[in-house]
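Paired with chain B in one complex and with chain C in the other, chain A is shared by the two complexes that follow.
This part shows the complex of A and B:
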């Protein structure tokens, strides 16, 4: 369905919060419509083609979703169909409040962010005070759609100076839907956020997540995203290093099969001197899956002594798989060290042969090599729960018989 | 004083060094009226006595051009070009000379200043030169010794008259008339250029070279070059350019088409040193070029080498279509920008057939207020089993007012293909400078040496005859840019 028709069917005034703000966002989204391939930022992902067959509407009440929430001991915040599910969440006094208005920031102009602003009903607001280590929190967003629903939570995470948080974000669902979360992150001086994200949506779903992370000086944003669900997914991360000596790690892996399309897009803006950014992105593609990686490192004139590095590797496991990669450097400062690398290929037959000659069966040998390939991106994930969740998701992918 | 500060100051001091080849030769020109319409296209075609099919081809291109828009995706900025304010046909007023004796002495002296080996020196240097003065070829040497082995090397208008079947078969077969905005414009109004045909099994006995000069004010240059190497043939073609100094921007939209059949190889080398504009960014050439080679035959090979130091704006992506099994595409490039120059250049390697290989080595050097972008595409199609690509793009920044950008597009649809890409951006390391300085090299020589070393992978690909000139031209640009 086209963008205008979809918005026409929604009574924005019936949604909570200020109508004028929603209306402005809706107007911005109407002006652009669904992103198409003519839009350079969406060169390899045709969202329009996928969504025009969707008969989108706002989500109705969900059924039971308990089975979709992973078992952990961690405090958790659960959203179902874009609304806060109090009964499923842990009581965390002082840690968060939920309000639609508070989570809406204007001025981000990407079409899917504007759509989120027009539709968002709820979001987690995590405000961690100065110097507090808030431990690990699970943020689960569940889509349970009987019809083709558009679900758009908008979260905001703020860490005061010296604060620390580990956030494990999980997107899951059942049915056919568009899940369009936006996460806005602001890190104070010296704050550390570890952000581990698992995109494990239903196989018919469309998932478009946009993350904005703004770092003050000395702050650190460590993120790892595992993309394995959804028919079409896109994870777009904008990291802005606004203070000196900030540090960002944007690692990601995608495991795709069948006719899945996965897009990992990163924009790292070095706006201050002496910052470092590291990215390791791995794609494992089987069936007729198509992987996309677009990563841009922007170094502003002021950002001297920048150290930027980006590695993007893809393994093609089948004749019909495809990878499109666009690692970009945009550099305006001279005293910098920036590099990127990209490699694309199949599993090395010699390595498979080596393992087989040691008595390891073919499938196991291939699995072993793929795990080793993924490890480089997964390695910095130090949180045990997150690590286990990712391992489980990878194992589940295996069981689909992709090898 | 820290070495870097000093380097930057040296650049500033030398930036006013100016353009060595900035002079203008006064020869009366015969102009078509300004502007572009079907009548102008017909006029150009009529002036050249072209057959009907070529006129139709031009008109078709012109009509396609009318429906197209300027490409806006490149990282270049310029005021809108008024295509109606240009001359589309300019030629020296006298009839085309029949031998060197008939050539305007002023022209000859201009070539002398540029050091083109045209008369005796041509023989000594062993180079056949098809010198293009603005739009009409004025002198061609060594035609006979080439003719002996069956090589055709002439202007494209001559080829249209004398080898119409060949031209008709291949013209526009690599870059179709409506390929892109500038290629369509070129197809409609191209005035002249070179035509090379190397018959089956012939190894061209000498390097072929064309010197381009842009000389007439307000004259767009629309060169068209077509090179065909038949089965087992090989040729090395050199293209070099320098232009007189002037204030107004000039548009240059050339098209180069290469066709390599089975086992054939074409090496195309360019040294581009057109007027880059002055230190404030006024004037300079707009260089919007479409260069593409088709490796049609098995194990054919096309190699592009370019040293780009000139032009206010460069928009150029020499590409290879690897259609023949086992064919090879290569792209070696040095792009140096200074002052307010803008370069957006790179390549496209389209792997269509099995076991095709491509190599891309790109070295960008930005100084002053310039912006230098590498933009490249590597596409592996499903049929290209065992395809292989290696890409390396390095950028060197000199001074903190310039920009260096890398925009590669890498697309693979074949599991067995291997693609590798790496890119780095850095400045001249202070320890390298210090090392050279401590050995007694001057600041300038040290920077020159390091930059030359940075470009070495590309410069060594140039043919002998050209390497000397390329280094000279790079040195001239370095004088005005990096010390």
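This part shows the complex of A and C:
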């Protein structure tokens, strides 16, 4: 359905928080509507076409979702249909509180971010004080939709100077729905956030996530996203290196099959000198799946000694699979090192035969080689629980008959 | 053990094997020598089941089974091992993980219990020591950054752990210095016994000083043109392959 019809259905005033902000965001979204291929930022991903058939509404009460939450020993914050699920979450004094207020940061008015601001009810607000190492926290957002629901959690993560946090973010669900999370991250001087994201949505879902990460000097944002669910997904990350010697790692991998469409879009703004950005994005595409990588690196005039690296690699397992790759470098400083590369290939039959000649069955041989292909993208994942969750998700992918 | 009868095979409609007859009994090591382009590597690939080769006639029986009817992995599980002339690099695949996966796949197919990581490492380290290989061999990615000699030794390590009943050594001696050659030969000789046979494919006689064959066959233009005892290798070394095709 079109954007206006959808918003007409919703009584924004009945949602918690400041009505004026919601109204502004709703007006903004109404003005742009769903992104279409006419929007340059959405040239390869036709969200409008995908959502046309959705009869969207706000979600109703969810049923039991316990089976969708991974078993770990970690403290966790759980959201179900965009609402904080206190009964499923760990009590964490010192980790801040949860918002019932959709804070719309001015100037962030991309259509899907505006939609999130109009609809968001809850979100995690993690404020880690200066020099505190908050360990590892699981952030789970679950959609459980009996009808076609729009779910829009909005999370805010702030790390004080020298603070550290490992955040494992998982998106899962059942049914047909639009999951539209926004995560706003601000890292103080020398703070370190490791952000591991697993998009494991229901296969009928649409997932559009936007992440904003602002880094002060010496801060480090290490992220890895694994996309394997949803019929259409888009992960858009805006990283701004605002202080000198800040460092971002925006790695991602996607494992897609059937008619799935997965879009990884990054915008890295080098606004200070001596910063580094690293992106390794790997797509494994089976069936008629389509992968998109758009990576933009903007180097401001002041950002001398920038070190930017971007690599996009795709493994096509079928002749009908497709990858679209669009690197963009916009450099205004004169003393920088920026490189990008893209490769597309199939599994090497020599390698498959070598493994088979050693007794390894063909499907297992292919799985080993695909796993090896992904390895480099998984490098920033240093947390053992996150590693296990990703390995489990990759293992589950083999069972979809893609080999 | 291995019985090849009238085997013919083509690549891209070009006939490479033109009727091979060869029997390797249990416990014997046979050498196949011959000039470049004789079909030596083709024979090893056809036997191990690589794609791209079309068998147009003949039969291969391995321990009573129709070898050509089964998949490459089933051939390995049945006890066949091919030491590659050009071992393949597998970036991102750890050597220990690779060999353990192979070993357990073969054990599974044979109805044996799989080895856990600890038991495997114990076996692998023992084999490495026996073969005088560097300890870090297991930690590296499969054949990535290995020298030519290290790659060949890695083949022998896999063979030592997979314990095949028939090993096909496809020019394993090429590119090896004398020390590496001895290590490879020791690896093969260590497996010698009534339940182990090998087909050693080589261009030169020198490997056969270290792995003394029971029989030597000369392959030329897709056929076995002569067979004899170990002395045949010496004769070939002295006189070369010239004139053999006419023989």
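Just so it is clear, the second predicted complex is superposed on the first by the 400 of 403 C-alpha atoms of A that agree within 3 Å, B and C clash if a C-alpha of one lies under 4 Å from a C-alpha of the other, contacts with A are read in each partner's own complex, and residues count from 1 in each chain.
The rule is short, and it goes like this: a residue touches a chain if its C-beta (ideal position, glycine included) is under 8 Å from a C-beta of that chain, and two chains touch if they have at least 3 such contacts.
All of these numbers come straight from a predicted model, not from anything done at the bench.
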Which superposed partner A:342 touches (first chain B, second chain C, both, neither): first
Which of chain B and chain C A:63 touches, first, second, both or neither: neither
Which superposed partner A:369 touches (first chain B, second chain C, both, neither): second
Partner chain(s) touched by A:323 [first = chain B, second = chain C, both, neither]: first
Contacts of A:356 with chain B and chain C, given as first, second, both or neither: second
More chain A residues in contact [chain B versus chain C]: B
Chain B-facing residues of chain A, complex: 40, 43, 301, 304, 314, 316-346
Touching residues (chain side chain C, partner chain A) in the complex: 48-51, 71-73, 75-77, 81-82, 84, 87-88, 90-93, 98-99, 101-103, 105-106, 109, 158, 162
Chain A partner contacts - residues on chain B that touch it in the complex: 4, 73, 380, 382, 395, 397-427
Parts of chain A lying in touch with chain C, wherever the complex brings them together: 349-351, 353-362, 364-365, 368-369, 371-376
